[in-house]
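Right, I'll just put the structure down here and ask away after.
Letters A, B and C mark the chains in the order given here, with residues in each chain numbered from 1 onward.
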Amino acid sequence: MLTKTESPEMQTSNAFVHNSAIALHNPTLQIALDRGTTNAVNNRVRAMLETTDANALRAQGRASRLRALHNLPALLEQAEAKLQARGVTILWAVDGAECNQHVIDIAQRHGVHKIAKSKSMATEETHLDHALEAAGLEVVETDLGEFVVQIAHDTPSHIVFPILHMTREQVRDLFVEKLHMPPSDDPEQLTAAAREYMRAQFTSADMGITGANFVIAETGTLAIVSNEGNARMCSSLPRVHVAVVGIEKVIETLDDFATLVQLLTRSATGQRLTSYVQMINGPANDNDSDGPDQMYVIFLDNGRSGIYSTTYAESLACIRCGACLNTCPVYQNVGGHAYGWVYPGPIGAIITPLLTGIHNAAPLPHASSLCGACKTACPVDIDIPDMLLKLRGDLVADGDSDPMVTAGIKAWALASQNPRMFELGGKAASLATRTLAGKDGQIHKLPSLLGNWTQNRDFPPFAKKSFHDLWRDRQSGKSS
Amino acid sequence: MTHDPIRLDPKGKKVSLFVTCIVDMIYPGTGMSTVEVLERLGCVVDFPAAQTCCGQMGFNAGYRADAKAVARHFLSAFKDAEVIVAPSGSCVSMVRHFYAELFDDDPQWAAAARRIISITWELTEFIVDGLGITQLDAALDRPARAAIHDACHGLRGLDLHDQARTLLKSVRNLELIELPGANQCCGFGGLFAVKMPEVSGAMLNDKVQAINATPADIIVTGDVSCLTQMNGGLTRQDRTGSHNATRVVHIADVLAGKTSSNAN
Amino acid sequence: MNNQAHSSRDRILGALRAKKAPFESASARPSAYMPVTAVEHTDTDALLIRFTAELERLTGKVHVASSASDALETVMTLIGDDRTVLAWDVLPLPGLRETMQAHGISTIDPHARGDVRGEPLALMATARIGITGADAALAATGTLVIASNAAQSRTASLLPPVHITLLRRDRLYARLEDWIARDSREVMNNARSVAFITGPSRTSDIEMQPIIGVHGPKVLHVVVF
């Protein structure tokens, strides 16, 4: 399995427990998370309820994704051929470094100095912005949320809503400081300030960089889903357009696209369709009055092919809607930054270890109570809990586990295969816990690892007589 | 978790109680309530005494080999069972959804596992879906307003939801009300509760706040793991914050007329 | 030849093909896809009512003209006192360009190709209004389908804060699925960019509160004739 190791300063996934505790004690973050995820969940539920048959559509969408994944190499080739026939240059990048180098080469080849960029999680994986700036290029993030992240020197905390972790007051303070905007809480004013600033960028950029939500093999089309209009700007105004797309984004036909794009918009933002869905078939035709003269598509692997033939292939079906994040009680409480990399929440807990190396994100598969809300919310019915369980198994099999937990599990397993030992162990625990119980009958403090339980809740003492005892009593009572 | 495997019709068969390890050790009264309820419905109940645990705790923590060893013991303990009933959605979910994964390519145990999977039931689904009984002759020991917390594994793994509501509606002295966020996880999650105690505690706090906001006297649930987590939060709250006498009770106890799952 | 064998393309496709492909038992393509939205009545009048309701809940404004001349009047009213607009070279409403000319309204012809784009784009950005046609409209979602070509610029529906779309009523479809089934492939073969436009631009990035008018147009008018 090709695993990509992220450089330690960048990824903080292994500090999840520590960072999630910090997040829990951040009142501003808690307010923002509460508002953001509640609205997002309500929007999705409402939008899915009004479809013809939500569960049937999820199954239809899932089947579209799985068919496409089954035929992935052939579909990539088909899309490539169709795009090339219209003058698109197709490049392939095994990893993030190669992707970034491609973009730099393209920029140099075309004398590019200024780049307008719209939202692309794939380019977050590769740290594209940093690489471009290091190469002396000016990059402006044009998506409002990503722009805020950029000027705040922050990172996005959600797949769809990059600044879910920020309150409106925080954005206001930032705009006042960096854009010299007069102080105003009014979101309309904030947006107007961003619009004015960004206009100048769009019309003076030499290159536009976008991602793509889907690549349709049947027609050789990139589909970009957006609301703000900046993705259209980036792919229409500058003379060079570069799209960076994960290889798993390819789907077979326009019919598949119709289902999936609407599942995406309804699940991500609760919209029937976003304000803009742009279908890009190539650079401008010779006679077109506007549009890019040059177009490049970079197919990014970055660890995806390593997931492809494994038991985790289903994770590649993800359409990046963010529904699992919004509905996850863990994400709702700790937000995205605690996960320590590009993709947070339930899907992030799976693909982060798979793409960056399981030992670079060991806590993430455990950052879940396995409640299953994510699977219920997923528009393509990905079995997230199942993959989290498998990853936990992989971690243990690879020796990545807490020795105290391992010792406890070994003891439990031994006792559980031997009824007498099991009952004796129970008797010992009963004696110990009844001794520890306070006047109110509850245990307020347990020793060692179990102290993690009592740090914020009580624990009941074991019963004096187990069910085994009571049953034996009942049986002997009967026979006497 | 894949789609739920088919269960065989349990009517007229002897019921083997799978009491589950936490009920056995901490809430044995809930086990007795389960027996009481089943016997009142005319079932003959036995208790294979060799049983210990289904293996879920180890499996969920990633210790598959250890979990498999425990599961094997489960298969032996219940080898003569005709029907298995447990007062736990999560343990039954473990058997029905993950025993196949554990034993499918084990030539020695695959058949036994498949048989056990086809005869294992959670209590409320056994009564309503298995036996077809929707009305119980039951009354609570005191009048109480009750709200249901839908335990996650039962809800999403076994589609448990309507059965509890159907049965509680037929219990006299019980007024059934809604718990907002009834299907929101309480934060237990097995070892998650001690590995990530802050997050687990935050989820518990959300649940306790929801409970505080209802006029429910008791919260009824089908899993003692959730019950332990939620009661742990409520009693802690009593000592350190506001007072709320509401406590969580297992549905087996409620169907047996009790308003407490406290063993001691 | 050797270099090609080890190209990134080969490595990636090779890695994908190295083992058995997953999801062999994924179900075959359905003969009929289930549509996402339900549309009960598909006659033009009903579709127009549905389209209007959908777009207006998104703050778009639909003006149903009783005739071509009525449509012309509506457009001129919307243009108001502006002396310059950004407009497609070819518009589906007969007489519009002539009428604008007669009223002293000049149209910026949107041409931004080649290396020097700054000036034309800056000029285009001064227009308050952009006027386009539409290849199709989708009733169930309130969506306009607008393809780009030699006479149909992208910028006219993108840069100006006000976008006026001229829509022929015979271009109404029930849903996205219906347009895809009937006319999409020809349009997609010819146009390098096809935009599905559903209302004005918006964002929910700040605390999930929807705000209308970000980078794309803030106001969308559809004149149906």
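Criterion: a residue touches a chain if its C-beta (ideal position, glycine included) is under 8 Å from a C-beta of that chain, and two chains touch if they have at least 3 such contacts.
The structure presented is a predicted model; accordingly, all values stated were derived computationally and were not measured.
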What is the shape of the graph in which nodes denote protein chains and edges denote touching chain pairs (line, ring, star, complete, other)? line
Counting contacting C-beta pairs, the top-scoring chain pair is A-C
Select the chain at the greatest separation from chain B, using centres from the mean of Cα atoms. C
Using mean C-alpha positions as chain centres, tell me how far chain A is from chain C in Å, no decimals. 30
For chain A and chain B, what's the span in angstrom between their mean Cα positions? 32
State, to the nearest whole Å, the distance from the C-alpha centre of chain B to the C-alpha centre of chain C. 54
Considering the complex alone, what residue numbers of chain A touch chain C? 2, 32, 35-36, 39-40, 50-53, 56-57, 60, 63, 66-67, 69-73, 76-77, 86, 91-94, 98, 142-145, 148, 161-164, 167-168, 171, 187-188, 190-192, 194-195, 198-199, 202-204, 219, 221, 227-230, 232-233, 235-239, 247, 252-255, 257-259, 261-263, 266, 269, 271-285, 287-291, 293, 299, 301, 305-306, 308-309, 313-314
The answer for chain A against chain B in the complex is residues 17, 20-21, 24, 329-330, 333-334, 363, 365-373, 375-376, 383, 385-386, 389, 391-397, 401-402, 405-406, 409-410, 412-413, 415-419, 422, 426, 429-430, 440-442, 444, 449-450, 452-453, 455-472
Touching residues on chain B, where the partner in the complex is chain A: 1-2, 19, 21, 23-29, 31-32, 47, 49-53, 55, 57-64, 66-67, 69-70, 72-73, 77, 152-153, 155-157, 183-185, 187-204, 206, 228-229, 231-233, 235-236, 238-239, 262-264
For chain C, which residues are in contact with chain A within the complex? 7-9, 11-13, 15-24, 26-30, 33-38, 54, 89, 109-115, 117-118, 121-122, 125, 140-143, 148-155, 158, 176-177, 180-181, 184-185, 188-189, 191-209, 211, 213-217
